[in-house]
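Okay, handing you the structure first.
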């Protein structure tokens, strides 16, 4: 059995078909731009997109995926509920999930968070600076004090998510807002990382430090061979003095 | 405008109809047993049950509820999805939610947690001892080092919930298990408290310290008049140097 | 016995003696500016300063203080270790502690955090905007989406503190930095709130929303009458089958 | 440069000199028992003990240590304050620290926690069962649902530590107590893991799952090459409109 981490990069892949500006930046799709550098690491990388059968995520793909990366934006509702439930089940079983940018509004992220995942936004080509607030975390391996992006969409607080278990990045925006832009969660045996940057009209997924964060996150989110989850009726491990009469006689 | 906290105690109220042992302990229902002592505090208390129209939780009730207490067990699936969504919406807007015992498997709790909320269990009349692990928390006001229950159903780890924001109680069980039995979360503007004890065949909701925890939790979970949540497209608060050309020329 | 919260506002009170600009803003000292509005709430408020005997914090003052507010800057080292230990002991017993601005470098805050509590700073009269990231928290009662301060000293990340238990505010600074500017912790039975704003050369402690946050924090940090802390050798609560021979025979 | 993790196992090594029972179990010292299996992993392992010069932890040793393991009990006070400060400094710079059992009362652990780190205890050869409550964590790689120790010293709540960032294990004790027995923290760039088991009169450090947890923890706690920590006066990254007059004219 190999130890290679198996990554599936999922992309909605719609803007690339309809928007000339996006196509120029990502001619083979955002999924391709993300997959190429991950292949240069020691990962085994596949891609999947919305318009493939079962959105490219049939059971056999999910069952052989260690970490799933998710980018979606305008067609969240077209992802079938069955697929979302299949992905959730796999996350709870241990598959890592990295949710990028507008994926904050995907069905799967909202389902795992239990909140609206809503936020403020603005498309104004403004500067973003992602400050590291957790320098001990493996996700910031090789990253400097901050990552600067000359032009990005703004996402601003309040970001309606549960309090992150670990807050890794906080973004500064030129227009006056801040954002918790790198957040980790565990759900069951699975790890979830939300990472903010990556609006489709900017070349964010060519930025070396953004790619470094994503590949660090893949390693961090890969499944751990911990205890299997056992639920349901359980025999006692110790002798219990029967106290049925206590209730009966009350 | 009054500052009285308005509590609604929701109970499935089915065991009480069909199980003689339960009826003897809670002749007017678990909701009644919980509501009576809360009325002796300064709360305004209503009850609601599954078989009432709209499960007793129409919009006008939820809109005038500050804290909702939830007990359910065998009929979780009979709670309509519309009701669950209405409750979730109100929690995110600020309504407190206290989920008791087998409510861990209610639709609303699972929806707010994003996990299966599954666990181990055993009905063996065994002793439970709830140890306080957060003595600074308002929920343990007036509580001693531990609460002892002579006979309870066992719930054991792994409890498939997101890591609690605050862990208040950890239970010891006679049969050899432990359980994170008092857990807090925030979801949007709302606070959620899960509290383990209260199997229907035991007189747990007459225990003075259990009632004390519930009334403390009501005060803790009552809505805070914090900022309203503003989402969506946002005008800049500061001047942004327009950088449209950066992208265009790439 | 009264339920009035007893607050002691501690101030180094040195800048006010030596810096004309500071004296003009706070002619009776920063402690006075903070104490006056707190007295208008239902708190019982005393002040204490560095140059008083025992720094104004003898045992009888601490023992009758529910919440201690701390402002210090240039003379942290002049606070005696005995005083710091007395304050720490009282916090662990339940006294609330609110540490303001440059108090991040006080002996007591560093002792309770276990880290350097170091940060970046700049005095450039720049704009600060404190965004609420936890709208459910009692500390933001009555506060809007953000608090704007026209001129403040900048504090920037990385702020070397343990990950806050609750992150309440994140600051945006005109010069390009962000800062976790409202952070809660529990230590023993005591609650700690760090709140960033309040450089001595700005009239920050006259700002109504800053004062509102401080008075909210006083209520939040007031001691809870939870279990007393019992440590040391403990008799078993259950019968233990003696297994001395297991070790002996190994 | 090698990627081998460099571990230093520190042991007080006093019980082994004076207590026949301990010597029989750990004839070459607890440090030796822990070091041997770690050497069989890919770690570079040294040991150090209290009675060596500078307690075996001079600057050159600490500077070449990636993860320090700490066992101490009866002679915590004999560890010099200089050594404690040196260790703390190295942790904040990135060195991992694993604190075992009675090390909860070591100077270094108390300094990093900011609390008394006190607890309940009992030596009664009783059964301990460590339940995994975070099955996604790398520290439980290869571990089953729980670890059972036939005979151990009891440690009971309330354990006076800051709320763990991640709670990994909760112990059940035969005598009726529970304990948060696997807890993680970050301090600066360093990671800290407290792991409860290991009283000197029991062969706990020969138990394969206990050793597995320790070696997992070494990997988890090893330094991450994240951003270096930059503190102090910082030049603005963006233009600040000078507002000196605002304050001057007040």
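Note that the chains are named A, B, C and D in the order they appear, and that numbering of residues resets to 1 at the start of each chain.
Heads up, the rule we're going with is that contacts are C-beta pairs under 8 Å (C-beta built on N, C-alpha and C of every residue); 3 or more make two chains touch, one makes a residue touch a chain.
Bear in mind the structure is a predicted one, so any value in this text is a computation, not a measurement.
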Using mean Cα positions as chain centres, tell me which chain lies farthest from chain B. D
Comparison of A-B and B-C by number of C-beta pairs in contact, larger one: A-B
When the C-alpha atoms of chain A and chain B are each averaged to a single point, how far apart are the two points in Å? 28
Just how far, in Å, is the C-alpha centre of chain C from the one of chain B? 31
Quick check on chain C: which residues sit in contact with 2+ other chains? 129, 132, 134-135, 145, 156, 158, 163, 165-166, 174, 176-177, 186, 188, 227, 229-230, 237-238
Contact footprint of chain C on chain B as seen in their complex: 94, 129, 132, 134-138, 140-145, 165-166, 174, 186, 188-191, 224-230, 237-238
Residues of chain D defined as touching chain C within the complex: 21, 25, 88, 92, 111-116, 118-122, 124-127, 150-151, 154, 156, 158, 160, 162-163, 165, 174-177, 185-188, 201-203, 227, 229-238, 240-244, 246-248, 250
Parts of chain D lying in touch with chain B, wherever the complex brings them together: 129, 131-135, 145, 156-159, 163, 166-167, 170-173, 176-178, 180
